[in-house]
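Following this line, the structures themselves.
You will see subunit A twice below: alongside subunit B first, and alongside subunit C after that.
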Partner chain A sequence: MIMHPMENGFNFDSQGTTIPVHIITDFVCAYDGAEVVRVQLQPGLSANPYFSFYLTATRSGPVDFKWTDQDGTVTTNSAQLQVT
Partner chain B sequence: MTDRAPFLSRRSALLTIGGSVLLSMVALPGVAADEDTAAAIRQLYGDREPTAGRISLQLPALAESGNSVPLTLTVDSPMTATDRVLRASVFANRNPRPLIATVLFGPKYGTPTFGTNIRLSGTQDVIAVAQMSDHSLWSAQVRVLVTVGACDALQLRY
Partner chain C sequence: MLVCASSSAAESAASALPRSGYSYLSEETRRLQDDDFANPGMLWVQKGEELWTQSTGPAAQSCQSCHGQARDSMRTVATRYPLYSPPLGRVINLEQQINRCRVSRLNSSALAYESEDLLALTAFISHQAKGLPVNVSVDGPAAASFARGRAFFYRRRGQLNLACANCHERYAGFRLHGETISQGQINGFPIYRELWQTMGSTHRMFVWCNEAVRAEPYPLGSQEYVDLELFERWRGRGLPIETPAVRR
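Entry: the complex of A and B
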């Protein structure tokens, strides 16, 4: 989950002008060097986009998350997965 | 008379263009037609018609606000190396832009279930299309009643 307005281009500010589209276009989760899931986002997703999914854990390793904004801003996060 | 006919047809053509431009401006945040959804599906998955089945879409039957509607997509697939889901897309057939998201399933993906929250502009059908590793296409369709759509709700600013 990431905090992001996901402006869909159909809203108006207090002056009545249209707020331009501002969305995250791409989300990738990688684990153990392989891409687990990639989501191509459109304005039809809710603000602060949330995803739930499963990955097959075979051994301990980092799980990397990457969100790419439409203007190229990249946000990353990582978690260590321990398999015992 | 012969040089008058093309003038008339040009004028009527201009009127038609002007009228359609005006209409499209008025209907800017409007709704998509079924053809738009079909075109969006064709653009991503080609001309083949998806077969109904193998996908389960879990959505509330009644959503009070269209701003955030929980959606869970489950594909009936063993997810082995040879038989798995490659990708799936969610469409809302009355949203201004029907395509909501496309999910690409990687080789490490576990149970083929994916959950997220979507925006719905009003009461409409949500359609999911999935492509398997044997390139077969499957689809599911669920009707959702929306009390306040995502577009209306944001303009009212409540």
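Entry: the complex of A and C
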């Protein structure tokens, strides 16, 4: 889940001016270096998007999450997956 | 005969047991609230946890410097607020207590009401009390505040001329357009409201409700709303804290 307003560009503020589009455009998840999920997001998605997917854990390694805003801002997060 | 029947129905509605907003939700929304990984409100709880340990002010102290682990020290706090503050001589809510701590203990700045940081801290602290019953004190020095809150709840207001009680007491459980009217309990606040697509405090909800009956809302953090908050908590006494609750 990502904390993000996902403004679709169709909303107005209290002064009546349009709030510009502000969305995440790409979301990528890599497991031990290999890409496992890639998502392209569109303005129709609601705030704080939540992704849920299956991943077969075969070996220990980092799970890296990376998402890109439309203005190019890249945010990353990582978790270590331990297979015993 | 008809008048008699309706007045007894009103009485039974008024004496009805407190019922959390949770029980009026659809199954899907309940599932969203119950799963800590899917509940969007947990984003704010997580942020609040970071703020709890983050140093601020000239002495570079954090909430944790005095209070230690929130898990222990804040376990029951949210069940007691709004609470009478002897130095201030009035009842204050949790948001105001957080800001009082920040200003007087940390010599830091007060957070703006309804700011992301204040919502996050309030949600984090309230979350520690999850599952514990609401138990506010309404006698002694808090009695005057409580009486004002009760009066607010039963006073008609706005162009639609409705009191809180008209919907949330008399017609709780009935339908209003596509919605079921809840009792208006506040045991899950701050809540993640799907309509807002973000977190909101009790006072934001009061403002929303006041505007819905076309009444002039009071400012966030005003004493009128703190009094109402106290009455509302008392009305839902015994209900478990659900923060962060998910509501429509």
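As a convention for this text, the second predicted complex is superposed on the first by the 84 of 84 C-alpha atoms of A that agree within 3 Å, B and C clash if a C-alpha of one lies under 4 Å from a C-alpha of the other, contacts with A are read in each partner's own complex, and residues count from 1 in each chain.
What we mean here is this: contacts are C-beta pairs under 8 Å (C-beta built on N, C-alpha and C of every residue); 3 or more make two chains touch, one makes a residue touch a chain.
Note that this is a predicted model, so its numbers are computed, not measured.
S.K.: Classify the contacts of A:T84 with the two partner chains as first (subunit B alone), second (subunit C alone), both, or neither.
M.R.: Neither partner.
S.K.: What's your read, subunit B or subunit C touching more residues of subunit A?
M.R.: It is B that touches the greater number of subunit A residues.
S.K.: Who does A:S46 touch here: subunit B (first), subunit C (second), both, or neither?
M.R.: A:S46 sits against subunit B and subunit C alike.
S.K.: Just checking: does A:T56 make contact with subunit B only, subunit C only, both, or neither of them? Give me first, second, both or neither.
M.R.: first
S.K.: Which of the two partners, first being subunit B and second being subunit C, lies in contact with A:E35: first, second, both, or neither?
M.R.: first
S.K.: Show which residues of subunit A both subunit B and subunit C reach, each in its own complex.
M.R.: 46-47, 50, 52
S.K.: In their shared complex, at which residues does subunit A touch subunit C?
M.R.: Result: residues 1, 3, 5-6, 46-48, 50, 52 of subunit A touch subunit C.
S.K.: Mind listing the subunit A positions that touch subunit B in their complex?
M.R.: Going by the criterion above, the answer is residues 8, 10-12, 31-32, 34-47, 49-58.
S.K.: Give the list of subunit C residues in touch with subunit A in this complex.
M.R.: Interface residues on the subunit C side: 37-38, 40, 42-43, 47, 197-198.
S.K.: Please output the residues of subunit B touching subunit A within their complex, sorted ascending.
M.R.: Going through subunit B, the ones touching subunit A are 29, 67-69, 72, 79, 90, 92, 95-119, 150-151, 154-155.
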